[in-house]
Each structure stands twice: as structure tokens, then as C-alpha cells.
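Please go over the structures that come below.
Okay, so subunit A shows up in both of these, paired with subunit B first and subunit C after.
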Partner chain A sequence: MSKPVIATASLAGCFGCHMSLLDIDERILGLIDLVEFNKSPIDDIKTFTKPVDVGLIEGGCCNSENVEVLRSFRKNCKVLVSVGECAIMGGLPAMRNGIPIRECLEEAYLNSPTVDPEDRLIPNDEDLPIILDKVYPCHEVVKIDHFLPGCPPSADLIWEAVTALVEGRPLQLTYDLIKFD
Partner chain B sequence: MNDIRFTIDGKECLGKPGQTIVEAAKANGVYIPVLCHFEGLKPVGSCRICTVRVGGRFMAACTQPLIEGMAVENTAPDLEDMRKSLIEMLFVEGNHLCPSCEKSGNCELQALAYRYQLMAPRFPYLWPRRDIDASAPLLMLDGNRCIQCLRCVRACRAKDGRKVFAAVDRSHRVKIEVDKKLAAHLSEDQARRAMDICPVGAILRKETGFAVPIGRRKFDRAPIGSDVEKGTGR
Partner chain C sequence: MGRKITIEPVTRVEGHGKVTIRLDDAGKVTQSRFHVVEFRGFERFVQGRPYWEAPVLVQRLCGICPVSHHLAAAKAMDVIVGAGPGKLTATAEKMRRLMHYGQMLQSHALHFFYLSSPDFLLGMDADPAVRNIIGVAALNKDLAVQGVLLRKFGQEIILATAGKKIHGTGAVPGGINKNLSPEERDRFLKGAAPLNIDQMIEWSRAAVELFKDYHRKNKDMVDGFAEFPSNHLSLVRKDGALDFYHGVLRAVDAEGRKVLDDVDYQNYLEVIGEETRSWSYMKFPYLRSLGKTDGWYRVGPLARLNTCDYIPSPLAQKEFEVYKAYTDGKPNNMSLHTHWARLIELLHSAEVIKELLLDKDLQGAKLVKKGKKVAEGVGLIEAPRGTLFHHYRINDDDQITMANLIVSTTNNNEPMNRAVHWVAMNALSEKPEITEGMLNRVEVAIRAYDPCLSCATHAVGRMPLEVTLVDARGNVLQRKVR
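Then we have the complex of A and B:
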């Protein structure tokens, strides 16, 4: 029987959740025996090559590319998991959410004291993804099946959740595993 | 005066005349979650987290006095779900970024979310724009985290009895402001009490953040209310 397939993505995140996934110590050897990775920054596979059992999403959606990747994950993954505070509620990038997008861009590219006076320009190349009005949590864009809170979620929480999901048993998320910070 | 007999979810309990349901429940080792209520302050019943059902009617357990023969429902699934939805509403109505909040681990709103296993709110986030007021020498007010429980308004007074904090505006625009003249003369103890009385991280004592390491904070190990259930609560 072929091994369960996992895919991961980092949207508007800091890769801290991926670091926490790698922080499972020697269990990482067991993980390699247990699952196969498909599209993921961990193995650098860029596009889905087969149906995926569990998709892990780090980060929320701050631009059109994030939305596109998230939708492709929803399409290709049987179970989709929001991993970490940014995926669940926007996190640090969402601190801009109360501020109009024009104000954010002007502050970053026109008015900031570190902007070169010769180079005041809001990036607007057609190859760049379009920035969204707000940073959206993943579950406000697609259906999300499970949530792993934390900044980052502890390695133990990720291990418990991933093994439970690939083995098809219910998640046992004890009190000490659920933390928002 | 005689004790009052009542039940909570069928458990026989004894209370004293004049006690509220929350106080009597606590004395009987039953936890009813509270957020706007703080022991020693006059209850106002504004957050409704403590909602219980008696005789088919919903009531705030922090303000409702005990009545002989009351049959209080506290943990019915629909009640618990309603409480959870209230916590979710408080999360989406403000900007609660736990990872960057000094109160994380000691925050009662967060602790209730842990207790009710709140993973993601069922409501969309509103992302209101709120102000931060750091003008007081010892305190910082962060409106992003304020849940308008009015605990600070009720608890914090200057020596002459004047209120240090007050609610301004109405409805969803209501916000807490500090009297700048009074705040300028707060003692170290008063500032500490203002921070402690705030259930969330809206009132912070400046220059002392993150003093307790992760793992030793108030709600790191055991859920909020477990001291009451074990009978070790104050």
C-alpha cells in the first residue's frame, strides 16, 4: 500500500510553523517512514503531482497568489489544516487590517524615512501578485477541516495532529498542546 | 438565616441568602465562567458569559440572587455553545493578537478560549481600528484588546474616590479612556491593580512585560476554573 501523502505551503507566514514541523527531533525519521511529501517547500516540489491526503497551510492570505495557492490546496487535499496563528486569524501580517491599504502602501513605499527620495514608487508590475485589502484567515477563503493554534504550534502538537490524521484516528488535543502564543 | 437549597445540573447545593448564583456555585465547587465579574466588585452582568438557565429562562449568574429551590442549568450543550459563541464574538470584535500580547498566558479571555477549545471563530473578523494611549506614566491602554467589561471603571479610583477610567461613547463605539490627570499620579500599587483587574491585555503596566516565563503563567498548566472545581479557589 502506498504511503499517505502530505503537502505543505507557507502563505503570509514567516516559515516558523515549518520550522516547528522540523522541530519534532528524531521523530522526523519516523515521519519519513510514515508519509510521503508532495508539493512542499521541504522537498521543493512546486506543483501537485498526485492527490494529497493532508495539506498543511501556514500563514493567511495577503495577496492574490496566496488565495490561488490556498484554493489549489483545497482542490488537491482531502484534509486541509490551518497551522499556526497567521493561518487561523491572520497573525502579525493582519496588524495592517484596520489601516486602509493605500495608507499602508504610501507609508511603506513613499513616506518611510528609509525610502530613497529618487525611488518613491508603489510597486505595480503586472507580474506581482495583487495585494488584498486585508489579510484573511484561511477559513474565510476556503473550507478548513482542522486548526492547530500556536505561534508556532508546538512540535508535539503538529506531530500529534499529523500522525492522527494520516492514521485516521481522532485528534487528541490536550490542554497543554493548545496555546495561542 | 437559613441556608438556601438549590441545584446546579441536578447536584444538590446549599447557599446563603444574598449570594448570587456564581458565588454560591463557587462555594459548592461548581465553576460558572465569568469575564466582566470580579470578586469584590459590584456585578454588572455585561458580558453574559455566565449565562445559566433557570426554569427555561436565561439569566446572568453573576447578578441573579439565589432563590430557594432554584434548578440551575449550567453545562447544557446549547448553553455551553452559546458561551463559546460569546467568546468568539469578543475575539472577532477586537484585535486580539495573542502572540504579541504581554497578557498572553494570564489573559482570562484567552483562558476561556482554551477551556472551550476555541480553534477558529465561526464569525468573520471585523478588524476595527482602535487607539493606543500610552500617555500615562505607568500605564498603557490598548483599545485593540479591550472587551468593555468595565472592571477597571468599577475598580480603579483615586484617593478622593474619583474614577480613573471611564467608558465614553455608546454601543459598538464604546471605549475606555483614562483620566489623564489622575493617571499621572497613580501609585505603583494602583497601576499594578489596574493591570491585574483587566481580564485581557488592554491595561498594561509599562516596563515590566513578560516577567513570568512561558510554562509558569496563570493558565499555562490548568484550565481557568479548575481551582474552583477542585475546591481550592478563593
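Then we have the complex of A and C:
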């Protein structure tokens, strides 16, 4: 029987959730017996090479590319999981939601004390994706099946959830595993 | 008809960075760019927050080395609460050092064992499916286990000092919120094998040997790949020693002449400027004394071993002497030697951790100091990837009114662009056919700088790349994905 396939993505996140996944330490060496990490879903969203059993999403959506990637994950993953506060409710990046995006760009590029006045400009190029008005949690863009809280969720929580999902067990997340920070 | 090649490492999916290379009719490279496509707006949305929130907020910009942001912000806030450099209690300063050197250990171990050792052990052209820590395990189980446990040990140190492995809360303005209990100390010093500090020092030493051995067998490639002259910048201790937690700014040029020395970083605005370019959200820092064109510099392990005079721990100092002798004491400008420098730093971190664990000050009870409050503070630290700058101003209501950050990867912006350009000129120019070998080279060039934006994902896989060759009208001529 072929192994269950897992794919992961970091949208508007800090990679801390991915790091927490690595905090399963020695267990990572056994993980390969259990699952297959599909490399291709994370290299080109338009060419998922095979259906994925479990997709793990870190981060919410802050630009057009994030939305595109998330939609493609939904299309190709049987089960989609929001991992961490950013995916669940926007997290730290969503602190900009009450502020017009123009002000954020101006502060970073026009008011920076290290940039000389004659050098001040806001980056704008065809190779840069379009920034969204707000940072959106994943479930406002696509349907999400499970939510793992924490910033980041602990390695034990991620381990418990991933192994349960690939083995088809119901998720039994005990109280001590669930922390909001 | 000109053409454009787009290489998107981790982008399509990760949305953090990408490379574009433009060719003219003859297939000659006319331009290469490494873009950062992420924008957060932190500088603006942190305004109005109470100053003491900064150390816990700002680390959420980067979960790969959150301790660096946590401590750089805390150091800036120390200045604001009147407990700046030299004024913390011995317990607070040493707990923070332990936290930071624990992070150096975990981050450098992650980079070498999870990300780089697959290249060295399995080869650049190995099947992507096995070119990761799990593939390393299949080939050399012991080595993979060492890598995993070295990182774990560093993370456990962070847990004991910061309260959490990722995004901890240990450092507070003016100090720290806990000390190290004798039980915690003994676990690290004398824990059952292999999880104790002596074993970590031993494994770090072995890692340095592993790289030296690889270097002996692959000299031409390691020495010649993306080698280019540059300035180098870092903090050094007042006496010129390597120090990751605190020091004065020093920069040397490609020949080793000191361009900056003994600069108090509270005055960083006088010596560092930044340029913005329309095609990247990441700015381009430079040394003001040399100007925008010539003032760019490298940071990180390579730069640190070029700026410092010596390493204040015996085993790492020995390795440092061997390393320096290889370039006759001159600055090392070879991109791939960053791996060598990083492993010497790994060894140094393990030695410093042991020294700190043996220090009774860690069990002290005086944790926090306060003095006369001021409205502005700057905090710098040597993060795993290089110098990290935090600068804040506050108002009378203790709210942040201004934040300016220069993160390590930003300092390496121009060097990464140069490295990509080197590959473009040497591997691509006038060879318009896109090959797998070319993708590998671009990846290796970027990875030597260990930019935060790519290191996490390819921990279990290969850096995803997409190359598209497009003609002037936007028609796709060739596309290669892996």
C-alpha cells in the first residue's frame, strides 16, 4: 500500500510553525516510514503531481500569491489543516488590518531613518505580487477541515494531529496540548 | 528579441523570494535580480503598542531565529528603561547569553545537518527525494541523529531560558524573568548520554572535521564557487574577540583594512544607510563612508570570522587558526567557506554554553534593573545569519512611535544578488538551454547565505525552483520545474 502523502505551505507566516514541526526531533527519522512528503506541491502549485492526503497551512493570506497557493492546496488536498494563529486568525501580520496599507508602505519606505530623502520610493514592480487590503485567515478563503491553535502549536500537538489524520483516527487533542500561546 | 528567465525558489508556494534573469538576443545575461516579495508593515502597526510588547511581538516576523529578534528588541528596550549595555545584573546578562548561544547552536546545527550535509554527503545531483535529513539517515544514521540531537539540545536551552522553544518570553526590558535552577543546569551538564554538553562539544568538533575533509576532496569547487571581494561587517567585543551577544561595530574591506572600528551602535544611523529599489521589498544597506556603490557588505559567519581578531574559547580558537591560515590571515571572500565558518561557530557556541552552565551567576536572584527612562533605544545582536538592528522611539505614554529594523538577511541582500549574478554569468550566459545543473547552482549560491526565507521548507526536501524562459511578448519558450 502506498504511504499517505503530506504537503505543507508557509503563506503569511514566520516559519515558526514549520520549525515547531521539526521540534518532533528524533521522531522525524521515523516519520518517513509513515508518510511521504510530496515535494512537488510545494514547488509549483499548478502541477501537483498526485493527490495529497493532508495539507498543512502556516500563515494567512496577505497577497495575491498566498490566495492562489491556498486555493490550489484546497483543490489537491483531501484534508486541509490551518496550523497556528496566523492561519487561524491572521496572527501578527493581521495587526495591520486596522491601518490602510498605504500608511504601512509609507512608514517602511518613506519615513525610514536609514534611507536618505532623495532615495525614498515605494517598491512597485511586475515581479512583485499584489498586496491585499487586509490579511485574511485561511478559512475565509477556502474551507478548512481542522485547526491547530498555538503560536506556534507545540510539536506534540502537530505530531498527534498529523499521525491521527494519516492513520484515519479521530483527532483526540487533549486539553494540555491545546494552548493559544 | 530579449528573453527573461524567472526562478522562483519557494515562491509560488512560499511567496517569499524569487530570481529573475534577463537575456538579450544572443542569450547573454543583461540583468539578474533576487527579489523579496513579502511585505508585512511591522514598522507602522507596532506604533501605539506599549514598548514592553516589542520583544514578544517582533520575533513573530521570523520563527527560524526568534531569539535574535526577542533579544535585539529587549536590548533596545533596556536602553529605554535606563538599563542599557553594562547595566544589567550578571544573572540577567548571562541568562540572555545562554539563551542566545543555545539558539546559535540549534540554528547552525539545523543549517548544517538538515540543509547542507545532504549536499555534501549525497551530492548535488542526488535524487531530491533522498536529498534531506532522512536521506542522510539512510546513509549515515549516526550523523543524522547527531544533527537532530544537537538542534534539540539548543532548543532545550532556549526552553529553559525563554520559557518556550519558539517565541519565548524570557527577556524583559531591563532583564530576564527567570534564572536557571540547579536541576536544569545539571540536566544540561550531566544529563544521561547523549544529551549533555560534553557530547555536544564532541559532535560539533566532528562536524568541523567532516567539512574539512569534504573541502580537501573538493577544493576547486568549494573555493571557486561564487567567490567575490566585498566588505564584511559585524559586532566584535571591545577587545576584538568574537561575540554574538554584544559589542561594537567593526567593518573590514576585502583586503582586511578596517573601514569601521569601535563604533557604538547607538550611533548606527551615522554609519549605515539603506537604499530602496523598486523591484524588491528588501532594502539594500551600505556603509555611509564608502557610499552606495561601494559600501555594500556581507554579514554572518563568514563576515564575523573576517572581522574578529580571535575566538574566546580554546577548541574553536584552534580551528579558527587553521581557517585563517588557509587565506594567509586575509579576509575570506569565498561564499562556500561560510559553511566552514558556521561550523567553527557551532563549536564555539557549545563551548560557551558549557562555560555559562558552570557559572553560579545563573542561579542568582537579581533579575531586573531599571534606571532613568529615555525616549529612544537601539539594540543590536549577532543573529545566526548576521548583524540584526532594532531601533525604537517611544512617547510619554510608553507607546512606540517609531520602529526601524535591519534584519540579517537584508544586510546580505546585495551579496545574494552578487552570488546569483555570478552564477548567471558563469553558468547561464550564452547558454540559453536550461539544465538541472543550472538550477542547482542558483540554489547553492542562495543557500550559502542561509536566507531566512528559504531555509525552513527545504529542511524536508529540496528548495523548489521554477525557471521560465519567456520571449519579449511573454510567450513561454521553455519551462522547467522541480
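Definition applied: the second predicted complex is superposed on the first by the 171 of 181 C-alpha atoms of A that agree within 3 Å, B and C clash if a C-alpha of one lies under 4 Å from a C-alpha of the other, contacts with A are read in each partner's own complex, and residues count from 1 in each chain.
In this text, a residue touches a chain if its C-beta (ideal position, glycine included) is under 8 Å from a C-beta of that chain, and two chains touch if they have at least 3 such contacts.
What you see is a predicted model, and the numbers here were worked out from it, not measured in a lab.
Asker: By the touch definition at the top of the document, which applies to A:156: first (subunit B), second (subunit C), both, or neither?
Answerer: A:156 contacts neither subunit B nor subunit C.
Asker: Which chain, subunit B or subunit C, ends up touching more residues of subunit A in the combined arrangement?
Answerer: The partner with more contacted residues on subunit A is C.
Asker: Going by the contact rule set out at the top, does A:180 touch subunit B (first), subunit C (second), both, or neither?
Answerer: Only subunit B is touched by A:180; subunit C is not.
Asker: Going by the contact rule set out at the top, does A:101 touch subunit B (first), subunit C (second), both, or neither?
Answerer: The second partner, subunit C, only.
Asker: Of the partners subunit B and subunit C, which touch A:145 in the superposed model: first, second, both, neither?
Answerer: Neither partner.
Asker: Taking the superposition on A as described, I'd like to know which of subunit B and subunit C A:92 touches: first, second, both or neither.
Answerer: Both: A:92 reaches subunit B and subunit C.
Asker: Do subunit B and subunit C land on any of the same subunit A residues, and which?
Answerer: On subunit A, the residues that contact subunit B in one structure and subunit C in the other are 91-92, 95, 99, 151, 181.
Asker: What does subunit C use to touch subunit A in their complex?
Answerer: My answer: residues 6, 10-16, 18, 20, 33, 35, 37-47, 57, 59-64, 66, 110, 114, 128-129, 133-134, 137, 144-145, 148-149, 151-152, 155, 165-167, 269, 272-281, 283, 285, 391, 402, 404, 406, 452, 455-457, 459-462, 464-466, 481-482.
Asker: If we count contacts the way the header does, which residues on subunit A are in touch with subunit C in the complex?
Answerer: The contact residues of subunit A facing subunit C are 8-20, 22-23, 25-26, 28-29, 31-32, 37, 39-45, 47, 62-63, 65-66, 69, 91-93, 95-96, 99, 101, 103-109, 111-116, 119-125, 127-129, 131, 151-152, 155, 181.
Asker: Quick one: in the complex, what on subunit A touches subunit B?
Answerer: Residue list for subunit A touching subunit B: 82, 85, 88-92, 94-95, 97-99, 134, 137, 139-140, 144, 146-147, 149, 151, 173, 175-176, 178-181.
Asker: Within their complex, state which residues of subunit B touch subunit A.
Answerer: 91, 95-101, 104-105, 110, 113-114, 117, 119-120, 124-125, 127-130, 214, 220-223
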